[in-house]
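What follows is a set of structures for review.
The two complexes that follow have chain A in common; it is paired with chain B in the first and with chain C in the second.
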Partner chain A sequence: MILPIGPIHPGLKEPLRLKLKTQGEKVISAQIDYGYVHRGIERVMQGKTWQKAIYLSERVCGICSYIHTQTFAETFEKIAGEQVPLRAQYLRVLTNELDRIQSHLLANSTYFKALEHETLFMYMLALREPVMDAIELLTGNRVNMGWNVVGGVRMDAQESHLKSIMEIITDLEKEYPRYVEMFDQGPLLGLRSKDVGKMSREDAIKARAVGPIGRASGIKHDWREDHPTYHDHLDFETIWRKDGDNYARTMNRFDEITVSIDLIKQVIENIPPGDVRKKVDILAGYADWRNEAPRGEVSYMIETNGNLIQNISIRTPSIMNIDACAKYMLQDVATVADAVATYASVDPCIACTERVVIVDESGKKKDVEGIHNLELS
Partner chain B sequence: MVRSLKDIIRSSSIHVCLINTGGCNGCDIEVVALLSPRYDLEQYGIYVHNNPREADVILVTGAVTEQWVEKLRRIYTKAPEPKIVVALGNCPLTGDVFNQEGGSVYAPVSDFIPVAAEVSGCPPRPSEILAAILSVAPGAIAARGREKK
Partner chain C sequence: MNITYSLIGVIGTLVVAFIVSLLLPGIERKFIHARIQQRVGPPITSPGVMAPLKFFFKQTIDPNSPMPKLYNALPLISLIVVLILLVILIPEMYFLGAFASVIAIIGFLKVEEIMYMFMGSLSKSVLSVRMPFPDMAKGAKHPETPRTFVEELSALRAFRLIAFGSFPIYIALFVSVAVTGSIYLSDIVAYQQQNGPILFTVAGILGAVVFFIGYMILLNEYPFAILKTKADVIEGPYLEYAAKYRSYVYLTRGFLMFVLASLFATLFLGIAPNILNPSFIITLVVALLFPMLMAVMSAFSPIFTYKQFYPTVAAVSILGVLAIVAAFL
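Let's turn to the complex of A and B:
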């Protein structure tokens, strides 16, 4: 039978319909119905100056809101052929990594909630709150920060702020291994996570899985390696695993938090003095730019006429990861509970994914699967 | 008798259903942050479980996309009386940044279902969300229960 889950369901944070084909308790295959959160952001952005569009890019996704504005700003800087001052680059890395920590902690907490492990769920959220405080201290907001502008960042960080962030991060580093061990050594958590929702490397490549989901399946790829600031000034190593199951994905995120903590320490210790913003002329042209969001690769393609945005296309990581989940992970899962846990382990973010909606003439929504056969008039 | 007893209990034990009708997710993660030990929603007798059929309070976030126009009304009718709707964030109030030329949103939410309380902010802070639920829910649920009789 077909078991529909969602769009409003205790297991899901966001609206999405999972159709699980089941045989008894066993899940044979899954299909995903999108389209509940399509707001038409790209269309709204067209014909606007960057000042009027950058806050829209922030609201593509509330969880990884920071990286969207950074990628947006860096695309414009690429068109102008300029680099922002070094202090601004360091501050961008600092905020990006703080954002990554809170996003990964939230993702793991959601996974533990899906496993009904309330204790770890609460511990993860308790760890996350100080990081949110650090973000608020630095940028002034908890979620949508409004921190990036084309040419740098909006305001300078004070020494006292950096000191407080360092304290928060040191505390986090001290407490955090205990909870990783709870997950790593917990026998029941291991039973529910290991060998559940497996995706092989070949399947991950076929499904174009990115970010921690792709890396957990053996694709050693992180766009931060190619980013000029990370590449030239900072030391870090890409975390990856081979197993491709729920356990690997969750552990991959845990380990990436360690890397982020290390990066934040490097940034605060080595941050140079100087300006945080410079004037960047908006030139006519086209550029694309990619960055590593907490969930994987996010890319912006922007065409301007020297003042207004003429065309913009945003590609977010979640769409590939959710598709990978439906096609390859939710095949022959032992129970429905495991299927929901597998879905949560992919760290789905529906607000990101809704880039396009296909409507036929009568106004009915069409399946996205037929998009390749669609004739555009 | 049973009904009035239920009303007394429901005024101190509030079940919340969160509906994202097409927002950026920011308000939703602030609701998740409310569950954290720092804010601890459950010590106020509020329980978030996302099931409209047993909800007393419906939290609506998001700017009402095309898919939600009909579904929102349907979900509202599924929640048992008495029920309270709290609109969370700027999106359900005005459509926020999406309500411009080219955006496909149908805000405000109050066009579709009656809204009892509105919390502005993009997103509102967790403490504000908590204060809004507590300011409207227990009293309003008890009052609606009395009306019914």
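Let's turn to the complex of A and C:
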């Protein structure tokens, strides 16, 4: 039997259809259908200046919006061959890590909601609120921050702001292990999470899984290792596991929050004085840039004539992770409830994903309906 | 005079039970779930009183069902079955003989359980119907593959629950039968009035634990709520109920909470529900205590799939069998 779940379903945050091939309660295999959201952000960006396009890039994702503006700005800075002032680099790390914490807490709360552990779901959201407050304190907004510009960040952080953020992070560091322990040590949650939705390292490589999802299956790689600010100025440890199940993916996100807390502390303690923005002359050219978003690798490829964007392509992490979920994690899952929980453990973001560009090798023109027939497995 | 007295007893008990049962869901959510989850929670009257009241005045929408009238009738039938269960627990009704026995109670509880299966199999919700599969909007990719509905999955789960999920509560009911040597409620109550409550024996303690787990399973409360998992089957059998029919669903659940607690008080404490008996206060205490304990347990549990459900039911059933063995020792 085929059990269709979605596109409109309380278990899914965003529209998408899971087609579960079931035998009684057991899920034999799964297919995932996209195509319920049409935005065309990249097309809208074409022919616009960076000052206008950066606001669109922030709206690619509603959860990890920050990293999109940073990656956008860094791509232009690469075209210009400029590096932003060190204080601006530190402030970017600070915002990025705060954003990662709130994203990971939201992702785990969604996973707990999929397990129907309402209490832990509420606790995660309660922990997230002060972090959102910290983001608002620093940038003036909670979600679409408008914080990055090409050449630095929009405004400087006051000492009092940094002190308040430090207090919030210290409180989080104190409270947070109790909730991690509830998940890590709780036998019931362990029963629902361990050995469920497993993906081997080989399968993760084949599916090009990225971020905490790939790292949970043994791919030890984090793009922050290669980022100049992290690489040159901060101590940083990549979190990874070998198990590849729902438990590993959730614990990876929990442990990455600990790393982010440590990075924020390093930033606040060592942030140098100086400018937070410099003038950058945009040159004509092409560049690509990768960053580690909360969900994994996000990459921007931009071609500009020195004034307007001629071509832009954005690749977000969810497309690879959702593909990995359909092809490898949702095979021989014991129950439909486990399948939905596995899907939630991937932290999928459909808003990010629904910008698939189809390259038709035959040269025939593809219409919108052609996109609908795309299947991932 | 005796008939009047009995009528006042039966009607009064039903009225008080109904009023208390309206508040039980609110107590569960406001005082336990919300406190544990560090939030304010809804007003105490909201889940049990105001929500059913609100739904009574909503527009009724025909469900997507092959037999919509039967589907809509099922919550009312469930409510009547639960009402009958309470009536036969009241001492004034013990003259009914076999109807006021543990066997009759099991029969009525079984009817209440079967309703979920009917509800699930008769519901074809908008979530599956409006998006037909094989997918007409996106091209048929699975020709000759039968389509299923989320509610059908819940019907399948209800069937499994009928088969094994209700073992614990039935075994717990037979603990009092094993102790007293009678299936009649009148004998069970009389025995405990003479010899003290069964609860304070080894068999009684074990039986109470088993009864409580059975109580949670029968009420489909977390972690035993696989029948209506929001993550996959959404609300399962209840999904298509609207307006007054949804109201009946809410009323039935609150009432069943009270009835099962009264059943426990009758079988394990020897206190049958009767408004004219001062010990009725103990029934009320049990009726309050059970949902509160249940709420604490459910607040810290994820939902069980069958992988966890089977061993739990097996272990609790074995405990129940031990309780029966202890009753004979």
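Keep in mind that, in the parts below, the second predicted complex is superposed on the first by the 356 of 377 C-alpha atoms of A that agree within 3 Å, B and C clash if a C-alpha of one lies under 4 Å from a C-alpha of the other, contacts with A are read in each partner's own complex, and residues count from 1 in each chain.
The criterion applied here is as follows: contacts are C-beta pairs under 8 Å (C-beta built on N, C-alpha and C of every residue); 3 or more make two chains touch, one makes a residue touch a chain.
None of the values given here were measured: they were computed from a predicted structure.
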{"item": "First (chain B), second (chain C), both or neither touched by A:340", "value": "second"}
{"item": "Which superposed partner A:351 touches (first chain B, second chain C, both, neither)", "value": "first"}
{"item": "Which superposed partner A:88 touches (first chain B, second chain C, both, neither)", "value": "neither"}
{"item": "Which of chain B and chain C A:24 touches, first, second, both or neither", "value": "second"}
{"item": "Chain B versus chain C as contact partner of A:39, first or second or both or neither", "value": "first"}
{"item": "Contacts of A:115 with chain B and chain C, given as first, second, both or neither", "value": "second"}
{"item": "Partner chain in contact with A:62 - chain B first, chain C second, else both or neither", "value": "first"}
{"item": "First (chain B), second (chain C), both or neither touched by A:126", "value": "both"}
{"item": "Contacts of A:7 with chain B and chain C, given as first, second, both or neither", "value": "both"}
{"item": "Chain C-contacting residues of chain A that also contact chain B", "value": "7-10, 35, 122, 126"}
{"item": "For the chain B and chain A complex, residues of the former touching the latter", "value": "17-30, 32-33, 35-38, 49-52, 62-63, 65-68, 71, 75, 96-98, 100-105, 122-123, 125"}
{"item": "Chain C to chain A touching residues, read off their complex", "value": "33, 36-39, 127-128, 131, 133, 135, 137-139, 141-142, 145-148, 150, 153, 156-157, 222-223, 225-226, 229-234, 299-308"}
{"item": "Chain A residues within the chain B interface of the complex", "value": "7-10, 12-15, 35-41, 43-44, 46, 55-56, 58-63, 65, 106, 109-110, 122, 125-126, 128-129, 132, 142-144, 349-351, 354, 357, 365"}
{"item": "Interface residues, chain A side, partner chain C - complex", "value": "1-5, 7-11, 17, 19, 22, 24-25, 31, 33, 35, 112-119, 122-123, 126, 186, 188-189, 191-192, 334-341, 344, 372-373, 375"}
